[in-house]
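Below, each structure is written out as structure tokens.
Next come two complexes, and both contain subunit A; in the first it sits with subunit B, in the second with subunit C.
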Partner chain A sequence: MAKQVGFYMNMANCYGCQTCQVACKSEQQTAPAVSFRRVRQFNNDYPVMHATLSMGCNHCEKPQCLVNCPVGAYTKLDNGIVYQDHSKCIGCRMCVMACPYGVPQYDPEEGKTSKCSYCKERIDQGLQPRCVEACPGGNLAAGDLEELKAKYSGVQEFPGMPAAAITNPSIIINPAKAFKK
Partner chain B sequence: MSTWELPLVIFTVFGQWAIGLAIMLTLVEYFSPATITEANLKQFRMGGMAVLPLVAVGLLFSIFHLGRPFAAYRALFNLGQSMLSLEIAFFLVVGVLALIYSYMWWKTPDKSSRKIVGAALSIVGLAAIVISSKVYALPARLAWDSLQTTAAFILTAVLLGAVSVALLLGKSEDETSLKAKKVFGWVILGAVIATVVVLALFAQTYGASAEQSAAVAATFASAIFVVRLVLGILIPVALAGLFVANGKSSSTIISVALFSVVIGELSGRILFYSSVMSQYPWF
Partner chain C sequence: MSNESKDLKPATNMTRRTFIKGTGAVAATVALGGVGMVASGADVAEGAPVDFKNAKTFTSSCTMECLHHNLKGYVVDGKLVKIEANYPNDPTKACLRGLSRVQWVNHPDRIKMPLLRTGEKGEGKWKEISWDEALDLIVTKIKETQRELGNQGLCYKTGSGNFGQLVNGVAAAFFNYLGGCTTLVGSLCCQVVTTTMPPMLGSRYEDTRDTIQDSKYILVWGTNPAVTMQSYFYKYMDAMSKGARMVTIDPRFSETAAKSDEWVPILPGTDAALGLGMLKIIIEEELYDKDFLLKHTGVPFLVDKATGDQIKAEGSETGYLVYDEISKGIVPHDQEGIVPALSVAGTDLAAKYTTVFDLIYNEAKKWTPEKVQEETHVPAETVIRLAREYATSKPAMIIQNMGGFQRTEYGSYAVGAQFYLAAFTGNFGKAGGGVCDAGGVGTNIKVNDAIPSPKPQGQFGTIPSPKFGEYILADKPNKIGFMWIMTTSMMTQYPNTNKVKAALKKIPFVVVVDSLMTSTALYADLVLPCTTVFEYTDLLAHNRHHYVQLMEKAVDPPGQAKSDLEIFQMLAKRLGFGEAFDKTPEELIEVCLKGTGITLEQLKKGPVLATPDPYIPYKDGIFKTPTKKAELFVPMWKSKGFNPVVTYIRPNEFIYGDRQLAAKYPLMAVQRKINRTIHSTFGTLPWICEATGSTPHVLIHPEDAAARGIKDGDRVVVYNDRGEHRCVADVKAHIKKGIVALENGWWEQQGGSSSYVTSDFVEPLGGGHSCNNTLVEIRKEA
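So, the complex of A and B:
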């Protein structure tokens, strides 16, 4: 079986500080309109609920961005990273429309779309993705998906999330308490 | 307004209009050649010549959709996998065939050999429309990923093509022309009824998911839908009624009807894009 990297997200313990988001932005030097990692908020009045989920690219097994890109800017690397060759992008936003998770983001200033690369350059140096390293709560983990599955239990989707069957995202989420019921 | 995706709206509607017009002209040439008389040849010639500029406007606007318009040629680089690449390839072929077709109407309007080019343009054009609809067959976007998209795109071509040829027939009142007008009246009526069915099927998907419900609500609650309903559905029904009843109507009435249907179709396409794109980021 081909190697596949992935993310573990401990949503149950995440308190939404957004350090991962800031660290990612700092590392990748993204444009003001672009944030490769976003902390999604789930708020509800009844029953009262506030939960946060930090998500970058899920480096899916069946990436919709890759399938639909007309210039072939996306490739799936040997380690499972869905990588975008940014120089090829023509800004058609097909990947933006196709991704269930809203991961690829369009920068109107540049006229191109970009997305999380799992900090490929850092991985090549034996380092962790910057978001994982930065999380003060230790709520993010990265590594081989099978190893992550052996270490953590969780789900690929919970109510309100896109159906995992579409792309089979390489993620394990320990959902917030409200989503465990 | 940024979620209207106007370049895509104009590209798809004008491209489909051009193909619909070519299909209807070709059908007339094959099945009722007597409809084209010396008296109305000038009008039909104008119609045949209009196919190229319509495709050209569509293709031009498709480029404006890109963040990097000068790199548009690269959209052909992933033909084996991406539907968008295939769509552009097919529309380029449509463009070449439209160039030949319109040129033949311009230079040799008396020669019937152009109907072979018209048939080729109709077949490739129809395939291009189907492929165009498949670009939006994205499993994550339920509002687009449906046969309703294919049906809606084809119906745009049929409706705009039929009303356009009705305009070309406007002044003709010989027996063959009146008969052809009646047929086009039924075609317009059929296309409008089918459009209403497609809209009803779309409305029925309310509740399938939060995103889908929001898309349905954004469509039917929009003021643009009123424009679509009046100009794109009621006006062509009235025109079809006139044609089916007696075939007599002034060119001014048909011109106004064509203008209305174009605005109606553009409104419908704006709703198609904005009902989904206004929800970004979806998660």
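So, the complex of A and C:
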């Protein structure tokens, strides 16, 4: 089986501080309104519920961005990273529409789309993705997906999330208690 | 929500679309109207990506009123390009705000030259002047004020925007070198903790953060550590994963409540009633730790019924007397071999004496669970259960952390009630127990002032901070002719903001020192540009972090911005204050560190731990009071005409208080701290605006909203007789019905502070701020 990197997200312990989101923005120097990692909120009134989930790109086994890109800007690297060659992007936004997780980010100023590269340049230097390194709560982990699976238990989807069968995302989520079975 | 949550069905209204959108996390492009604020990304976000590999790194600290995390700054070609947490040299990690400082340093709207007002105050019309002109003008205005109004015509205010050792203390020294001035007293943040904790426990800034993970029961009381103690919040999660129960008492279903086993909504300002109600159960069910009470607290101390004072052995400051059950006599509390009586009720002594225990119980016993329910809206059975759980799950920790519960009309009593609970259950001095305050370096080592301050040449009067506006407008206690404001933004943080604004307009010469055009700088006569973190050298050794840190200068400030220290040094030279100010930052740091055992050389290698690890305040029940016991009777309260033991007094600006006011303004407003700012700091940085939004909101219960025809997302006006606050309605059941949550820290240029409506009542026991006893009404914006 090919090597595959992944993310573990401990949603059960995430308290939504958004440090990962800003650390990513800072590291990747993305344009205004382009965030490769976002912290989503889930709220309910009766009974009250508030939960947060930090998500970047899930570097899927079957990446829909790659499948639907008309110019072949996306490639799946040896380590499983779904990588975009930004110079090839024509800004057609097919990937934006195709990704079930809303990962690719279109920048109207530039007229192009970009997305999380799993901090490829940092990985090449032996560093962790910046979001993982920055999380004050230690609620994100990165590494070989099989190793992550051995270390953490969790799910690829919970009710309300896109079906994992579409892309087989390389993620393990420990869901917030409201989303646990 | 513990019991319910197990059966909770996942939110069913989640669709793929909502998943992609998330909620609230995707902010629209920032729209900041007003003066000189732009919403574009800072220029670091433009152009080719920076290669961080060859960057030079420097360390500094995040110095506003927060946790003072150590930061690592990356510099390329003389420009700060990235900030990271300096982990693991600092074992806790900086948050989104600390990382965003790179945009502060590089902000396109930095003030680069002194700005002299040319239009009306608040109009935002300025002309740049040279530092020489600015300093000459300041000296002239100071002298003019001294001549016309005396030194009492001078006033200054420093705040919590910068805790660097070479900043705020230097202002105090400077104004004392001038001879003294009118001063503002009382912090808006935690004044009543500052006045309640030392007489009871002997010190302040005693945090229990090192052992949160060892707790079996965490009672988060009117505070929101998931936001305000965020880098330590993993410890709360650790404790829970080991089986601890966490309960959050808060009018709002806070981020912390969401992580807790149970959310206990409460009416604002009624916490002391809940505390006393819990204490009643603990006393009557004998769940208290009698051994701890006798050995480590002053509850057996005898009180003379005639005078109402505790009695002491003649000639002894600490020789409080107790009734010894063995010798049946009155003896000093610290005599060997005695068994002090907790109570003398029912004995012959009762005619003349009572004990502190009896006094406390007399207050507690009034608070039956039913009465607590009526006053606080916490159900009677919950009161009983909380009391039993807290008293029997040991160690149990109360998270106080300068929470909003104490910014209420009689906040001192609410603070005291928490200390009573911890003392009665013997939770002080144990890992996983105690009461968590803010804390840090200053608790364990004495760091010197950089510039020793001379004694002022007289008493020139004081202004209670919450009443700044009112006092200035009434020339009370003095007419003010010259005001210096630094490290604070009064126009966002001070209550009753319309009066603050009028006051700033009234004072003939207001100097504001800041790095950006803040809400307060808008109302200055002269704005002086100052440096921000990574642009100057300083020492951080305060009461928020356990590490002493060197703040290195990494880059040059923009334009002619100068450090606060340098500004005072230049003025001191003009005013002939001699050599006291004439030292380099490094020399002053050496002065600060003298006697601490920590050296500048050490700090150059990284932050230095200056607190025992793990730190357990009042270890083994040894308090820092003169008796080494927790002294639960507070003579200072008695001297002010209040009960010396914790009592519940109903707030006035409260639905059950001033009924006429409550009929007009039936909603109780509390003011919350939000993720995007520390007070108002960071509020306009693009990444912060993008990640967290750029519009003020008010959280309102769906039933309260429906009654006013307000829908989620509507623009609304929150108002009362003091003023109004325009914001967007966040309609959710994440708050108790009848209460609304305002957000703290919004700038004038973003719609203005919610403090326009908050109460400027001065808490009478300790001089605190009571913004969380505010009544308002809300209407849809026309």
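Just so it is clear, the second predicted complex is superposed on the first by the 180 of 181 C-alpha atoms of A that agree within 3 Å, B and C clash if a C-alpha of one lies under 4 Å from a C-alpha of the other, contacts with A are read in each partner's own complex, and residues count from 1 in each chain.
Keep this in mind: a contact is a pair of C-beta atoms (placed from the backbone, for glycine too) under 8 Å apart; a residue touches a chain by one contact, two chains touch by 3 or more.
Every value quoted in this text rests on a predicted model; they were computed, and no experiment measured them.
Contacts of A:Gln125 after superposition on the shared chain: subunit C is touched, whereas subunit B is not. In the superposition on chain A, contact is made by A:Gly102 with both subunit B and subunit C. Contact with subunit B, but none with subunit C, is seen for A:Glu110 once the two complexes are overlaid on the shared chain. Once chain A of one complex is fitted onto chain A of the other, the partner contacts of A:Gln21 are limited to subunit C, with no touch recorded for subunit B. In the overlay built on the shared chain, the residue A:Arg40 is in contact with subunit B and with subunit C.
Touching more residues of subunit A than its counterpart among subunit B and subunit C is C. In the superposition on chain A, contact is made by A:Val67 with subunit B only, not with subunit C. Contact with subunit C, but none with subunit B, is seen for A:Pro136 once the two complexes are overlaid on the shared chain.
In the superposition on chain A, subunit A positions 38, 40, 100-102, 160-162 are in contact with subunit B in one complex as well as with subunit C in the other. Interface residues of subunit A facing subunit C in the complex, by the touch rule stated above, are 13, 15-19, 21-23, 25-33, 35, 38-51, 100-102, 125, 133-139, 158-162, 177-179. Subunit B contributes residues 65-68, 71-72, 74-78, 81-85, 88, 135-136, 138-141, 210, 276-277, 280-283 to its touches with subunit A in the complex.
For subunit C in complex with subunit A, the touching residues are 1, 4-5, 8, 10-12, 14-16, 18-30, 39-41, 44-45, 49-50, 53, 82-85, 87, 92-96, 99-100, 102, 226-227, 230-231, 233-234, 237, 253, 255-256, 258-259, 263, 675, 686-688, 690-692, 702, 732-734. By the touch criterion stated above, subunit A contacts subunit B in their complex at residues 38, 40, 64, 66-72, 88-94, 96-102, 106, 108, 110-113, 160-162, 166.
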